[in-house]
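Shared chain: chain A. Partners: chain B in the first complex, chain C in the second.
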Partner chain A sequence: MSPPRRERRKADPALSDPERLYVITGAPDGERAALDLVTMVVAQAEPSPMVQPEQAAILRLCKAPLSVAEISAYLSLPFSVVTSLLTELLATELVESRAPVVRASLPDRSLLEAVMHGLQKL
Partner chain B sequence: MDFRSSDTITGPRSEDVLPSTATAAVKVVVVGGFGVGKTTMVGSVSEIRPLTTEETMTQAGVGVDDNVGVETKTATTVAMDFGRISLSEELILYLFGTPGQERFWFLWNGLFEGALGAVVLIDTRRLQVSFDVIGRLEERGVPFVVAVNTFPDAPHHPVEALRAALDLSDEVPMIDCDARLRTSSRDVLMTLMRYLHRLAVPLA
Partner chain C sequence: MVRVESPPTKRDIPVVRAALLPVVLMAGATAAGAVPVTGATRAAVVWCGAFATVVVATLTVVLNRRRRAMHVQRAAYEQRIAYLEHRIASYDQETERLSKELLPAAIRRLRASNSPQEVMRDVVDADASYRNLPKAQRALVLQVLDIIDNEEAMRDSAQRAFVSVARRVQAIVHRQASELREMEDHHGRNPDVFDDLLRIDHGTALIGRLADSIAVLGGARPSRQWPKAVPLFSVLRGAMSRILEYQRVDLHSIAKVAIVGTAVEPLIHACAELLDNATRYSPPQTRVHVTAVEVQTGIAIEIEDGGVSLSEEARVRAENMLAQAQAGINMNDLGESPRLGMAVVGRLARMYQLQVSLRQSAYGGVRAVLIVPRDMITTGPAPGIAHGIGATSRPQSSLDMSQMQHVVPPRGKHKARPAATGPVPSLASSAPTPAPAPAASATRPAAPAAAMGDDEIVVTEWTEGGLPQRRSRGRAPLGSHNLPQQSAPATEPAARNGHNGQGGGGSAPPGLWLEAFTQAVNGVPKEPKHDTDSDDVWDKGDEK
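Moving on, here comes the complex of A and B:
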């Protein structure tokens, strides 16, 4: 019996526009920091009574680098809630963030080589 | 908001804490229909017990049950399994496994944008469940490889028949895998990276 068949689709420039990177919709313009699921976050200060309990928890979790996805998982809070909490912490410099290395229009071969090297050791 | 007292939050186990040098992260998304082995694959290569992140999505829609065309807003919570692989002291790979209905995955802003690429897991008993997601990756220009998860009672189609059925262009790599095995899942990721590496070479 022959398997069912699919039909190939064309790239839609409107959907693959690199300008769309990190535009988080749903938030009012510019109110939320551009954070990815794998933006790495590191605390720059000890938790203080000045911050919300959720933010104090983030400062405790991020003594060592942690991704936004991991923060969301450990706090059991949705990604968008975590990005709101982080926006304030970033603005007040209580945390630092490092944006992920993304697939650019011309991917960086040395990055891919570093990934392959790491995978080989698994 | 339902928030546990921050004293009761359990963070990573001590062996899962990243070194302070870990500052660069990349991500790969694993997609495919229900039960094809996405969670299994994420778990088999992850150095941490897989975690779950979630997002609440609101979508404006038009009521379909009545003909009035009333605007409705529906909130859906979408959960995502993910795992982590430390590639070096600096570079971390995160692997996301998408559950549930695919139309929601693509509403999650920033999930596919910025990903190095995707792994499409297929089960040859139910090829059609991957058709829509492959099309959506093509539309968004997200590079992907197709991994055929080998279930014992699945029909064996020759790779070329599968390529034709999935209407994949010749350069899209296809690989057999057993998502339960770390080495096999690792080989799938290697296949994706080699493919991305080839795409990075300009064809003069």
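Moving on, here comes the complex of A and C:
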């Protein structure tokens, strides 16, 4: 479960923001919806002025389906923050989430190459 | 007596004249007594009368002299008394002048970090009216100055000690906070650890605020510097993150302005103290409402709580405390169990020309109004945006926001791209019809009031192929990457596709990122489908 050990990114003090993450997350002990890094999220509504800016940002981002991991990366917010934001959005039905579908495996590379070569020979 | 005799010539005549009447009378009486009697008796009477006359004459003269002497003396005394009274009055005046003009002036100079000797030279000796100050008064002034100088030095050193301790605590807290932020990023995928980290983070922020308060009361400026303007919304949330019960604070309609960097930290701190007061002195189930509206003089931040109403007396006391703090209190005045909040706010208000007032709230509680002067406000695009902690941290570039807009995928625009471009977004289409670019951008949802500058958030890095790249762990600042490289992916695909409809590099990239992304996700190029709605999107996802 634990992610591979990697170098922690150094926070540049000049680039940080005054607000801390718990203000964005809300209660630290809030329930979290079962969301995965690769859960796709799509917005169901336009962002209204009532939602938090981060949630508005998610709604804007997720007009097209986007994975939780990507939302997290775009917003530069840790995964847990994004999930608790999404949990609220899911509760108010502003977004919809769907677990990724296991896709059929791609055509074999050698097959594709064979086709390509065949086409080139034409 | 010498003085009495000094004008002898004129004085003798009145003496003789004064002595004349008793002598004549006495002589008359003697004569009258001598008339009836005869012989030896008359001789005796005459002798007695003559003797008495002489005695009376002598007495009269002596008495007269003495009386004159007394007159002269009294005049002299009166003169002297008048002189002394005048002296006393002038002393009073001088003392008053000393206490009301000289000493305050001298102390003012002393406070401006002059030594007592310098002050004596500049204030006393430089002024003609003080130059002839009696020695004793000079000594007095000098001594008073010396004592004040001493006390000030002691108080200064005590305050400096306070401030330096507070600074050390602040340094530790800042380091802790940034490390916690790293840890939060690091453990972001483990909710249990993450929540614990948030709790520690919160505690650290509270410690930091206390250290800030001590530093401010010690007369120091807030240590933290913000190099760039910060949106007011972020500032208020920064204030929220420094109080215990931040969850009870609601931010409503916050004006979309940014606070200039130098004023950010004091404003955060002042707001945090006011919010802390509001949450602390209101029942735990009530909410605290914060609004920020533009007014003539700047921005009025109103903090209303639903607590017990401030009685007139308490309000006066609190305002007094504010006023006192604005006049500059020292730590000794805070008392045994100091209520730092108002003192800190007052101090900050004085240092940064903020206006604070406490009024009765419509909710029945207290309404604190903090007016931020206009010169602390910048309405230009704030480099940060309220929501994304990291996403805000794009270094300020010379490009303005309108140039940044095109990085955001406008919904309509990428629809307008021709189908011939081969790989096409399969997941991305939810707006049904292709729209001309201007109209499309108009259909984009306006940013909600609370989301300040959210539009920038999609900004991300771009690979050569126009593929959006997740930011590296090395925390490359977003803007620094995408801005220079922006034009390359923008123009390249357009050239490749022989498509000119998008009018220059400025509007080229919309949609491309999404296309490239879905391409990467799907692995298979798919034919475009313009009329898919969101359900179709999901269906399509299922197909794959």
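Details
In this text, the second predicted complex is superposed on the first by the 70 of 122 C-alpha atoms of A that agree within 3 Å, B and C clash if a C-alpha of one lies under 4 Å from a C-alpha of the other, contacts with A are read in each partner's own complex, and residues count from 1 in each chain.
Quick note on the criterion: a contact is a pair of C-beta atoms (placed from the backbone, for glycine too) under 8 Å apart; a residue touches a chain by one contact, two chains touch by 3 or more.
Keep in mind the model is a prediction, meaning the values are calculated, not measured.
Of the two partner chains, chain B is the only one touched by A:Asp108; chain C is not. When the two structures are aligned on the shared chain, A:Glu46 is found in touch with chain C, with no touch to chain B. Of the two partner chains, chain B and chain C are each touched by A:Ala57. Applying the stated contact rule after C-alpha superposition, one finds that A:Val38 touches chain B and leaves chain C untouched. Of the two partner chains, chain B is the only one that A:Leu122 touches; chain C does not reach it. By the document's definition of touching, both partners, chain B and chain C, reach A:Leu75. The residues of chain A shared by its contacts with chain B and with chain C are 1-3, 6-12, 15-16, 20-26, 37, 40, 42, 47, 53-54, 56-57, 60-61, 64-65, 69-70, 72-81, 98, 100-101, 103, 106. Listing the residues of chain A that touch chain C in their complex gives 1-3, 6-29, 32, 37, 40, 42, 44, 46-54, 56-57, 60-61, 63-65, 69-70, 72-81, 83, 98, 100-101, 103-104, 106.
On the side of chain C, the complex with chain A involves touching residues 174, 177-178, 181-191, 194-195, 198-199, 201-202, 205, 226-228, 230, 233-235, 237-241, 246-247, 264, 268, 384-393, 395, 411, 425, 427-430, 445, 447-452, 454, 457-458, 460, 470-471, 473-475, 477-478, 514, 522-524, 534, 537-538, 541-542, 544. Contact residues of chain A toward chain B in the complex are 1-12, 15-16, 20-26, 35-40, 42, 47, 53-54, 56-57, 60-61, 64-67, 69-70, 72-81, 98, 100-103, 106-109, 111-120, 122. By the touch criterion stated above, chain B contacts chain A in their complex at residues 1, 3-6, 9-12, 17-20, 22-27, 45, 51-56, 58, 77, 80, 82, 84-88, 91-94, 96, 108-111, 113-117, 124, 127-128, 131, 134-136, 138-143, 155, 157, 161-162, 164-169, 182-183, 186, 189-190, 193-194, 196-197, 199-201.
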